[in-house]
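Take a look at the structure below.
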Amino acid sequence: MAQLLNDPAEAVPDALRGMAACHPDLHVDLENRVVRRAGGPRPGKVGLVSGGGSGHEPLHAGFVGHGMLDAACCGAVFTSPVPDQVLAATKAVDSGAGVLHVVKNYTGDVLNFRMAAEEADEEDVRVETVLVDDDVAVTDSTWTAGRRGTGATLFVEKVVGAAAEEGLELAELAALGREVVSRSRSFGVALTACTTPGSDRPGFDLAAGEMEVGIGIHGEPGRERVPLAPAREVARTSVTAIADDMPLDGEVLLMVNGMGGTPLLELYVLAADVRAAVEERGGRVVRALVGNYVTSLEMQGSMVSVCRLDERLTRWWDAPVQTPALRWGR
Amino acid sequence: MSAVGGTALDADAARAWVRRFAELVQESAVELTDLDRPIGDSDHGVNLRRGAVAVLAALDGPDAPATAADVLRAAGTTLVSTVGGASGPLYGTALRRVGKALVGVDAAGGPELARALRAGVDAVVRLGGAEVGDATMVDALLPAVEALEREVAAGTALPEAVGAAVRAAQEGAESTDALVARKGRASYLGERSAGHRDPGAVSSVLLLRALADALGGPA
Amino acid sequence: MAQLLNDPAEAVPDALRGMAACHPDLHVDLENRVVRRAGGPRPGKVGLVSGGGSGHEPLHAGFVGHGMLDAACCGAVFTSPVPDQVLAATKAVDSGAGVLHVVKNYTGDVLNFRMAAEEADEEDVRVETVLVDDDVAVTDSTWTAGRRGTGATLFVEKVVGAAAEEGLELAELAALGREVVSRSRSFGVALTACTTPGSDRPGFDLAAGEMEVGIGIHGEPGRERVPLAPAREVARTSVTAIADDMPLDGEVLLMVNGMGGTPLLELYVLAADVRAAVEERGGRVVRALVGNYVTSLEMQGSMVSVCRLDERLTRWWDAPVQTPALRWGR
Amino acid sequence: MSAVGGTALDADAARAWVRRFAELVQESAVELTDLDRPIGDSDHGVNLRRGAVAVLAALDGPDAPATAADVLRAAGTTLVSTVGGASGPLYGTALRRVGKALVGVDAAGGPELARALRAGVDAVVRLGGAEVGDATMVDALLPAVEALEREVAAGTALPEAVGAAVRAAQEGAESTDALVARKGRASYLGERSAGHRDPGAVSSVLLLRALADALGGPA
């Protein structure tokens, strides 16, 4: 629970000040807690807005920039942003071509983004929404809140972001985003819990030698507590859960994501085993990303995310991106 | 000062309701967050407290709302704008709908109040899609408004009728202990969500209790 | 001490397998534990070799690629590589233009690289060495082991790497590397300790509400244990220690580095305060890097590194780089 | 089998020395790592154990070295190639130098052995630049070789002379308790390094003890 903060209640605005201090390419609207590209909306380009609770950094603000998001709305830690923030971001990035909301499937995110979209509609900004619900740990059903949006959010933001730069229209981008979602699955485990700033204890207590499997990205416990397993088994459990839900044949993009506090050394150990497990299932890993990208504060653990690529998706994945956390091609 | 002895919800009583809710939320914030820890993301109390502080500020000042309808709409709008998460839009919209149902009503008696509360609870159900038994705030809110309707229809005096609603809410909240959640974050836990009380159901009891306190006489 | 590993004794080779599995641009020599660019040496270009103990990831293997290192030698966790590894890397990347060793100033690293350099010399490979010793927590003196090489290693590898792509010669690159070192300083703090794989306990025990200041990057305790301070004070302590050693006027490159387990949210909070502290001292932050780049496994904490830029250094810092962990411009 | 009663270091005794050192290192690996924890990076025992395993392997097999010089040079080379850190090059080079000094000597008596050990310790000093009092392995090694030289000059029998060297090494290691380190990782701690025994000094005692054991009779 050792945290490098000033006032825990001000962690989010303080961090946004840090982003402003270190990324001249970004414009940080401290009042609305919205991070945008410094340049403003490019005429004719659909605006891409995402956001959610803070504590998942670099998601989302770290993905604002050329080839990815136009704006990110930063809620309190693990709490979706409010409609006012989303509306402000939406209006700021609309060039007239409309705005796509990329929303992780949580009741709070869904409701707050939906209210903002309705208000935007009243102000004549066209909005479409892509819901990300890639987490196979949760059994899907129309009677429940459905699956959580987790690692695949990065895939959607990257691919749709690249397509938006190419000039695709709002409806096309929404369809593309939904296609990425339908081709993506994730599964996570926690080796330690995390503590929300201002809280006096972690979200759960794990004894030495235990782990939580089937976790989300909000420091919540998972579907099950089991004995700590070697990386090889974590890989097998994760890939099996994914493959049981979506066949893994063909070319895939693989993300071996750390939950925030897991060192890269361990993530690479896991990555070797995950790749082997994916290939055992018939998948061919043609693109891979290893690192802490979609996180739960200082939690140790991993999330395996897979996206089944096709030629278009691969091209958009490879397209130039220039954000604080993901950058290549320019 | 509030209306005499709680026979109706006028502007002062609406203000007292909202204030009392804000007070209760602040008092219970740690408890609400603790309830959210094992089955959620440990923020329900933090979220509502942030809203409570903002609501209290919105009730004062030069543009303070003047009618019961405006008080509740302002409170709802403030919650929507400050709470975030699932509970912000749900409680915020609920209060806005309650306020909307009271437009033009100077002092809402039992029937008007029951109708207004029903409008608020309906909004929660419509937005969130939860039914009774899903282990959400709906498990407290819906029995509460049903009890209020029943008592008002039976001619019970308002404070007593609201008292019945509080008890129904409380029982509803308790009923979530045994449930496997089907909505909200707790649903992600599957079977593991059973054995825990839903934090939103508990804060909903506070909303009803605040109303009872506001109608019980001058705050 | 929850670790995502298989056999702790095999953590380094297992992680190298993961790098091989995820980075087709890299060639991983598992026998020598050397990571190289897949393409092999470019004729006429000086080879750039670094390395050290593992556990500092992404340093060094994550910095192999165009515009940075040609090869990284991966020792056991927190243990310098042996001469055989360094010699293998050196010979593999020599195109005839010679090889520059970037060595962090630790007795082990210095001795092992020196023995390799002597052997390389016997095999007619010209080798020059740049020693990085940027850590101001250690009082420098000819009677001691001197200062540790820490965050500035990244600066040296990036700047010299860019200059090497431009065709500078071995002696010029060595001089440039030394210049970067002379213009760079670092200071770190630890909020938690870390545990070497295979060990049953962390390097030190910190009670809640304590921190170690003046740490290195090997999980060792620092110069002093003090009460946990807010980010603002950590920033002030770090920048004061640096500024007391090197005036901070003029344009500077700033790295706010996490020790591995510190979430980005906290690093950005710190970054705002560090930037302010640097500017109070008269420095102008014109380039900034925030993230976990030079780490101690899962340790929570921060390291502030500063390099005083000039027009050439800025240009080489901005030059294209394409490595797993640092990538821009291509 | 070793030379009779430890009157000289021949190939068998050299093998016994190296083997015994490897054994002692493996037995003490945890202790050595624990000593390295408060003032270093918790790996001294891990490093030396890795080397010990490799050295034992190098002593066997078809290309096993045949002379005392070759045994020690092979052991040194193996340590350099497998240990890493500060101790790998230091111990490895030291043993290589000891071996080099024994080239052409079939069975080293006191003077030859003292000269060879001196060459090894000189290499450590030259490579690492440490002096007695800096809190490193030199604090054990230098007094040990001085004691050996003294005793050999005084005509003491080899096993006893080496016994004196062991005692000197042990005292030297103990002397590091009080010292503020000036070399090695412990030096980074400044004043905080005082109050801890240097792990390399302790492993140096093992090196001397292994020699004494090898010369005390057949291993």
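All chains are identified by letter, namely A, B, C and D, in their written order; residue positions are counted from 1 within each chain.
Note that contacts are C-beta pairs under 8 Å (C-beta built on N, C-alpha and C of every residue); 3 or more make two chains touch, one makes a residue touch a chain.
Everything numeric in this text was worked out from a predicted model, so none of it was measured.
The greatest centre-to-centre gap from subunit A, using C-alpha centroids, is found for D.
Mean C-alpha position of subunit A lies 55 Å from that of subunit D. Subunit A and subunit B have centres, each the mean of its CA atoms, that are 32 Å apart. Averaging C-alpha coordinates per chain places the centre of subunit A 29 Å away from that of subunit C. Chain centres here are Cα averages; for subunit B and subunit D they lie 77 Å apart. Shared interface positions of subunit B, defined as residues touching 2 or more other chains, are absent.
Multi-chain contact residues of subunit C (touching two or more other chains) are listed as 77. Chain contacts here run in a simple line, from one end chain through to the other with no loop closing.
Every pair of chains that touch is listed here: A-B, A-C, C-D.
Of all residues in subunit B, those touching subunit A in their complex are 33, 37-43, 46-47, 50, 80-90, 93, 127-128, 182-185, 187-190, 192. Subunit C meets subunit A in the complex at residues 1-6, 11-12, 14-23, 54-55, 57-58, 62, 77, 191-192, 206, 208, 211, 228, 230-232, 234, 254, 256, 260-273, 275-276, 285, 288-292, 295, 297-298, 300-302, 322, 324-325, 327-330.
Of all the residues in subunit A, the ones that touch subunit B in their complex are 53, 75-84, 106-108, 111-112, 115, 137-139, 143-145, 148, 196, 198-199, 203-204, 216, 218-221, 223-224.
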